[in-house]
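Worksheet: the structure to be examined is printed underneath.
Chains: A, B, C and D, in written order; residue numbering restarts at 1 for each.
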Amino acid sequence: MLPTTPLTPPFALTRASHVVLGVRDLGRSRDFYRDVIGLVVTEETGSAVYLRGLEEAAHHSLVLMAAGDAPRALQVGFRVRTPDDLDRAERHLAAAGIEAQRVDVAHQGPTLRFRDGVGTHIELTASMDLADRRMQAYHEFRAGAPQRLDHFQVVTHDVQTATDFWAALGMRLSEYTARDGTDELWGTWMAVKGNTHDLVFTNGRGPRLHHFAYTVPDATALIHAADVAGSLGFGNEIDRGPGRHGISNALFLYLRDPDQHRVELFTTHYQFIDLEDQPIRWDVSDPRRAQLWGLPASARWFFEASEFPDEPVREPLMTATPATLEDYLAIH
Amino acid sequence: MLPTTPLTPPFALTRASHVVLGVRDLGRSRDFYRDVIGLVVTEETGSAVYLRGLEEAAHHSLVLMAAGDAPRALQVGFRVRTPDDLDRAERHLAAAGIEAQRVDVAHQGPTLRFRDGVGTHIELTASMDLADRRMQAYHEFRAGAPQRLDHFQVVTHDVQTATDFWAALGMRLSEYTARDGTDELWGTWMAVKGNTHDLVFTNGRGPRLHHFAYTVPDATALIHAADVAGSLGFGNEIDRGPGRHGISNALFLYLRDPDQHRVELFTTHYQFIDLEDQPIRWDVSDPRRAQLWGLPASARWFFEASEFPDEPVREPLMTATPATLEDYLAIH
Amino acid sequence: MLPTTPLTPPFALTRASHVVLGVRDLGRSRDFYRDVIGLVVTEETGSAVYLRGLEEAAHHSLVLMAAGDAPRALQVGFRVRTPDDLDRAERHLAAAGIEAQRVDVAHQGPTLRFRDGVGTHIELTASMDLADRRMQAYHEFRAGAPQRLDHFQVVTHDVQTATDFWAALGMRLSEYTARDGTDELWGTWMAVKGNTHDLVFTNGRGPRLHHFAYTVPDATALIHAADVAGSLGFGNEIDRGPGRHGISNALFLYLRDPDQHRVELFTTHYQFIDLEDQPIRWDVSDPRRAQLWGLPASARWFFEASEFPDEPVREPLMTATPATLEDYLAIH
Amino acid sequence: MLPTTPLTPPFALTRASHVVLGVRDLGRSRDFYRDVIGLVVTEETGSAVYLRGLEEAAHHSLVLMAAGDAPRALQVGFRVRTPDDLDRAERHLAAAGIEAQRVDVAHQGPTLRFRDGVGTHIELTASMDLADRRMQAYHEFRAGAPQRLDHFQVVTHDVQTATDFWAALGMRLSEYTARDGTDELWGTWMAVKGNTHDLVFTNGRGPRLHHFAYTVPDATALIHAADVAGSLGFGNEIDRGPGRHGISNALFLYLRDPDQHRVELFTTHYQFIDLEDQPIRWDVSDPRRAQLWGLPASARWFFEASEFPDEPVREPLMTATPATLEDYLAIH
């Protein structure tokens, strides 16, 4: 069933903002995101590394936290418009019976943490320390020259519940995958910042973070990222792409970091602002949904994702799995 | 003086939407925008041609109107969020003593026309007929493969007044040029849709439409647009670029249509959403403001622009002109 | 064993020139090569279609011949420098006991046909009708905008014999794959025109034409070719790529035509002119040989190829097969 | 008058190989070519810096020599095929009454120096120390990622004599500019390595080295080079481009080094191998000859070039000058 987004949400959510990852080896992960992906290191401490895309004026969009032997996805972060919106969010969550806590987070303004309707670990803030945009320091560009964090994809056991939860907070459905001939939701692409999506839910064992995504300037940057991954010894960590998604029209490349967290580099989403824009529907059995050309994704890409700490993973309510590369090769 | 944008504007302006041009020869102008620029023709009548970018789901972002021997810029169009916002706009303008009129415009919902604080002819609407996005019809891509209309630049005799007018309606200043060492505004870049700008004002004889701009996918598309312009005999109608603006970080190419209206193709603006993002200031004498490398713009680019019908053009209040290519060559 | 190329070959072979394919449906194949690949149609007759790349000044580099129900690779064509070189070639082959025949071929000068040392059907000519280079008709560029035919890859049961045959005619080894730790040849990349290769032999059931290859301008053109294949319904006919070969450094995309002949689009070979340049050696078990990043090629890519008419296919003398995508997925 | 190239030249010239520049400040020039252009430093001594393109397997294609206060173009280098070809060159020059001398040059095999028919300082060698190709060290790519030296352009007072001289050595004319309606040569593009040109002569005060040129992978690399020049403070040293030459079809960018020597980055020449390929003729008054779109070159680009030491500069025999940017702006 398609969700309803209120014209006037309870508070002003503005954009996907940052992700916090627990990693086993800070130095190794920093090297990966700086040299193979091309992010800028804003700051390092003994227990954390803060990174951002080249055009970002905020202190961080990726935080790596030392996490011993248990690499996990720690926080999926969004921005709200003002501190008042954070207060409104707090009241809204309380009214909805959702436990939330104010926390002090380095380099961020007041921050609220909670688990969304399907257990995703969420963090909201209205502000962050400023950093300078490096988008015109062209001589510092490396690898894919990622410009900014764009969106998250979360695997969930219950796409309908997850989607309804975020629609109520102001996210609009831009595209979705449904069981063939029905509106039984298999995957939902939801947007708040005016382009294709900020947050995606797909059906599976969850909650787990499937990936977070940075925009790159163009197809050439994407290929260069793949080449740099190859020349730095990370060629096998490309677990999908380059390819073109039917959904969202993204040209994509997916890489796995040293803890097997997955990061996407992509280019060319489209604008999604007008209220009259209708969500695009895809059958789950339509392979063009996931890939307009070339081979489908492997089981590794479909079924591996990062768990949240102490968050139980549940089996999906829906049993429908797109064909994997393994299925495809067995047929052809 | 920097303008103040209210947290809660009088109505919800959402984005630059469309431009209406008066042209002398409909067929010739249609050919130019379809073949040299690469826009999609949505519809043609005896007196008008409607075009849109490849990803646009709205009926038109460019309208060509037969205009006899007097080619003019006719309307600069913006979207508001809902029909209620159009009502609110009407009340706001009335309260401010600005004459506005409801008009019936083909393929648009209720539409409001008025002249802004400096005489620019403006059109607001909340909706438009839908069209299908052609962004995945890759075999139909031509020339620069323009994806969507992004912004307008208007020359005005009074940048301060123009800027204050639109700031009051919710536009935020992302970058600006000021007389050296002052905040006396020479040019202002104002945004509402979350990227660098929707509307630009620069100092000069005005009001005149300097250009409207479409995004292209990447630098390669921009170069291909120039090559296609060359091979179709429009090489001389490139009146600036390719080059890189300091302001906005756009890689740009400017072309003149058969009536000398100017269209920009560009790529890679940056995101501008957070309230804490500060506008970037440039001295008017700093050449990097306009061009990070290569030659400055010629007088033709600086001083030619499209007038609005029956709208008197006034001399600028400020006397400050950036160095032109002609100045530069005289020095070197 | 590495072959020896004489300083003064028996005649002056200059470059890979053209390929002739037997196809079941001329119109369908023409549409594929014109619309999905982007070649220029020079001429069509009732029984043949002649195509060329955008920069080519020769009448054809690809000839499609109506072939009823038996699509085959018909001819692999090379240029010699002058008609005298064709005479010299004729004498050389006769002296070597190889049967060759002069044939009349439309739009070509005197032409010599023979089977090389491993049964590949070869055609030599010194001249061809001229056509105009379309490389500056940018508005006619379609799909990958292929510029020129570059090379052929042939599967053979006996790479050593094939390699020695062509080395004796003046081809130099630029790169090769050998059984690990030996110089037992699994694949050889041979060049005569000054870049990486004109002719490749790889070990397998042969002789069969694995693919012929056109250069495209850049990575963006390659991605656009894939996108156009997708939007025209040929997405499944991409049987490998985009990816980056270790050997030759080509960024590649392989497509299958309606008869399952395989064509490669690629970009960025390197220069190979100096006599002191040494061939680069790769172990057959080294996956970077075939792909610097991402997934290996599927069995479909490795084992399917086009037979020559009435030419018996023999089992390879060497038993060594690189890991396929299927092998890779079974491990991972 | 068009030159005649013998089928069997006196010795085998193979390609443009290297250029030697005298510079005032070795460190500053090294930084420019490494950081702004993107060349690889092979070796540095107290008096020289040796650089090469990313794919080059030869020790150097650019040599910077400390030259006090007199920056000059020192040598324009070509390769011959074998040491025997160097002997043949020596005999041929002696027979033609041209003084040549064998010299010892670090990292080169036997080397012959002479002045060509119009006074250009030339160096021939058959071999050079080998270096490893860095084309797959993608993480080391900088700026335009130049792959290899491609050609030279020399200004000469007598294009006819220069052209005849090199045609006699085996260079073929691929394109030329002539006084309108005549074959009186204003500029000649001559090739030996199988693409558009290795050596260009244009009419003017000479002999002076106008520029040497490196290929870059694509348009995106060219734009990135311009951006890096801008961000490193060399934006004003782009003295032409980006633009598209009619002649040769090159997408070009010209930069001046700290001593005002000029280097071109370009992409997409075409293949020129077949003897039947005819040279393309352009009228000197045809602006498309030099630029398919956008503005013509400035006087700075046309009239500034690097002298050779102790080589008198002569006034051109022909009086015909293409329109400059200055002329163009005065008209428009």
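Rule of thumb we're sticking to: a contact is a pair of C-beta atoms (placed from the backbone, for glycine too) under 8 Å apart; a residue touches a chain by one contact, two chains touch by 3 or more.
None of the values given here were measured: they were computed from a predicted structure.
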item	value
Contact-richer chain pair [A-B vs B-C]	A-B
Contact-pair overlap exceeding half with C-D, pair selected from A-D, A-B or B-D	A-B
Maximum centroid distance from subunit A, chain identifier (CA atoms)	D
Inter-centroid spacing, subunit C versus subunit B (mean Cα positions, whole Å)	49
Chain centre separation (subunit A, subunit C; CA means) in Å	42
Subunit A and subunit B: spacing of chain centres that average the CA atoms, whole Å	33
Residues of subunit A engaged with two or more neighbouring chains	136, 218-220, 227, 230-231, 292
Chain contact topology (line, ring, star, complete or other)	complete
Subunit C contact footprint on subunit D (complex, rising order)	7, 14-15, 55-58, 79, 81-82, 127-128, 130, 133, 135-136, 147-148, 193-194, 217-220, 246, 249, 267-268, 270-271, 273-278, 292
Subunit D to subunit A touching residues, read off their complex	35, 136-139, 141-143, 218, 220-221, 224, 227-228, 230-232
Contacting residues of subunit A [partner subunit C, same complex]	218-220, 223, 226-227, 229-231, 234-236, 238, 241-242, 244, 251, 288, 291-295, 298-300, 325-326, 329, 332
